[in-house]
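Every chain is named by a letter (A, B, C, D, E and F) in the order it is written, and numbering of its residues begins at 1.
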Amino acid sequence: MQPNRYEQGLAKLREIDGEAGQRVVDCLADIAPDFARYLIEFPFGDIYSRPGLDLKSHKIAVVAALTALGNAAPQLQVHIQGALNVGVTQGEIVEVIMQMAVYAGFPAALNGLSTAREVFAAVASMQSAAAVERA
Amino acid sequence: MQPNRYEQGLAKLREIDGEAGQRVVDCLADIAPDFARYLIEFPFGDIYSRPGLDLKSHKIAVVAALTALGNAAPQLQVHIQGALNVGVTQGEIVEVIMQMAVYAGFPAALNGLSTAREVFAAVASMQSAAAVERA
Amino acid sequence: MQPNRYEQGLAKLREIDGEAGQRVVDCLADIAPDFARYLIEFPFGDIYSRPGLDLKSHKIAVVAALTALGNAAPQLQVHIQGALNVGVTQGEIVEVIMQMAVYAGFPAALNGLSTAREVFAAVASMQSAAAVERA
Amino acid sequence: MQPNRYEQGLAKLREIDGEAGQRVVDCLADIAPDFARYLIEFPFGDIYSRPGLDLKSHKIAVVAALTALGNAAPQLQVHIQGALNVGVTQGEIVEVIMQMAVYAGFPAALNGLSTAREVFAAVASMQSAAAVERA
Amino acid sequence: MQPNRYEQGLAKLREIDGEAGQRVVDCLADIAPDFARYLIEFPFGDIYSRPGLDLKSHKIAVVAALTALGNAAPQLQVHIQGALNVGVTQGEIVEVIMQMAVYAGFPAALNGLSTAREVFAAVASMQSAAAVERA
Amino acid sequence: MQPNRYEQGLAKLREIDGEAGQRVVDCLADIAPDFARYLIEFPFGDIYSRPGLDLKSHKIAVVAALTALGNAAPQLQVHIQGALNVGVTQGEIVEVIMQMAVYAGFPAALNGLSTAREVFAAVASMQSAAAVERA
């Protein structure tokens, strides 16, 4: 019998992608609820729960791949946020995306940087809001 | 005045990709020698010489991207060898490629694993040849 | 002499893609009217008029391909509507798109589902408007 | 607790892709045995075991997608054979691939037809060998 | 010692892509200023400054490639404008994009034409504004 | 009534791609003869017979696009030969392919150069054979 991939995957999804991951799952509820389950079970329950690669390296790999493919901006946004969540710095994310100019061309890197700028701005704006609240 | 990007890039190319990198450069000598120079100067002299990302993360990013793009098997081969050269383990390379099934589909991951198997076999065969020689 | 591919193609375009197909053709009128003609003649007059594959299978093939390619959202929208027009059910469309997670990755499938949700919502809203009108 | 996805997937893999599917799994045994398990569990145990789409339509979708993506010839070969196994005719496969000229260009369709010709030739040669044996 | 690639590239960028090129560079100032420098030095300082291909042919090549890749609409926009700047006519641009239907499929060509229409409309509107001003 | 696209296309195919084009058509004879007809009629009869773009620019566009897409080596080979046939020089072809490093990455350009080298070598070997024969 298999371990409970769903519970394990859901915990991983929350750890890594936080609210953004949950929103992806919620969006699938009406149109393809089984797909939400697969998304939790296979990428998060199976792949991200493997011990062979640290989470930072996982996130570097996915930011690189989605930047190179260049046709999945909403997912790149989620994973840049996720990379920040697991400790990849903004500077490292920029380095990974810049490097993709070599492997997938300058337009792919430029569009990746543009997505990163949006995520970094949202983070900064949440942080100032939180700072105001604390004051 | 710019630093000597060519010398710096050539040293980086040799450090990372070793003989395989040199072979790529040699192949360009007759048809596009300037392109060999650009290859040394921009990816290696500019990008890989930046301090913001360690070489292991650089190599994880490029193995991920080339596996996901799925149309550059010769380059993936060079970079898997390069990843081994800078200390990424075979197990970590396999993890990165497997993860691409999530982002670029199972065929991309299967073809990436197939390229990795070839590189790993070549490494093993060189290692046994070296062991025999030492005996 | 060739059969009248234009007339045959235009009839096919209207049968399959309805108003959405006509809008694509209209949009080309100012910038590339010959391309509108080619679009009617080759895909619709030649390919879709062939007897060897039923229209449902044609539409399943194109929804799969455009989801997998992941860089043609406006066309995927037209073809999901077209698939509904020729009798593919919403459930079958969701299955085809979900399956693409295996062959082109989860981001491609997620973006395909997102496009499908928009088309299904537009259909539902037209149906309620029609129901109100009839009441 | 989840149903036994592995057993269900393995049966599905054998039903659809026969020996070619088994060969893909065997090839993974040394380098990434867990990936062989995921391949059986997710695409075959989860996706292909769903009741919402008949196997012929599943195979039409995957032949279309792999032809359009154009970077997974070994997998296209397996799935063309699989399509024949579940009752898609050679003529229908040719129609699906030809149609991809519209959505992914003539080179993608030409390369898909070239893969199909190889599979059809292998089938014909196995059939004549079997006929000789029976005689 | 290398020639001053930055100065040469910046002059080329201004000659070819005008204000649109400058805007791309400005956008990178906060997030990745080094990447702005690479963009000026490698594509413009190295590649576009080579004498072996006239600027019109360069622009035809890049409009073709970005239309075919289909995942870089913002860059296609800049390069269609750049093509007009170096003397490619609107009619020639339309021909190049239409031709991509053959090599990358009708959706890629349709989306390319849609981007071209936006650029041509912006040009027309700037020209009427200038005409009014002169009157 | 339409002009005879087939005759016009066949003449164009022979003018541009010579024997290599004829071989592509011959290869389709057994598996998809209608597709051979479409290939002659649409790309050659319709697109290449248009007066709005000279043949050299057409070939530059297609060499650029196929290099950038990176998944159609056999077609790139035919079109590099075709580019030579209509007067694009080897040097210009190399420039176009090198430029693709900027838009689609270094691996795409490297693989394109590798295909060009094969075509140029075949041309050189045919030319020496012809020189020997004349001697």
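Observations on the model:
Following the convention adopted for this analysis, a residue touches a chain if its C-beta (ideal position, glycine included) is under 8 Å from a C-beta of that chain, and two chains touch if they have at least 3 such contacts.
Bear in mind that the values here come from a model prediction, so they are computed numbers and not experimental data.
Listed here as common contacts of chain C and chain D: A, B, E, F. Chains that touch both chain C and chain F: A, B, D, E.
Taking the mean of the C-alpha atoms as each chain's centre, chain D and chain E sit 42 Å apart. Centroids built from CA atoms put chain D at 31 Å from chain A. Each chain gets one centre point, the mean of its Cα atoms, and the points for chain E and chain F are 25 Å apart.
Counting only residues that touch two or more partner chains, chain F has 34, 38, 42-43, 47, 50, 66, 68-72, 75, 94, 98, 100-108. Chain contact topology: the protein chains form a complete graph, every chain touching every other one. Listing the residues of chain E that touch chain B in their complex gives 1-2, 4-6, 34, 38, 42, 46-47, 50. Against chain D, the residues of chain F that register as touching in their complex are 24, 27-28, 30-32, 34-35, 38-39, 43, 66, 69-72, 74-75.
Here chain E touches chain C in the complex through residues 69-71, 94, 97-98, 101, 105-111, 113-114, 116-117, 120, going by the rule given at the top.
Residues 42-43, 47, 50, 52-53, 56-58, 60-69, 72, 75, 91-92, 94-96, 98-104 of chain B touch chain A in their complex.
Remark: chain E residues 68, 100-108 touch chain D in the complex.
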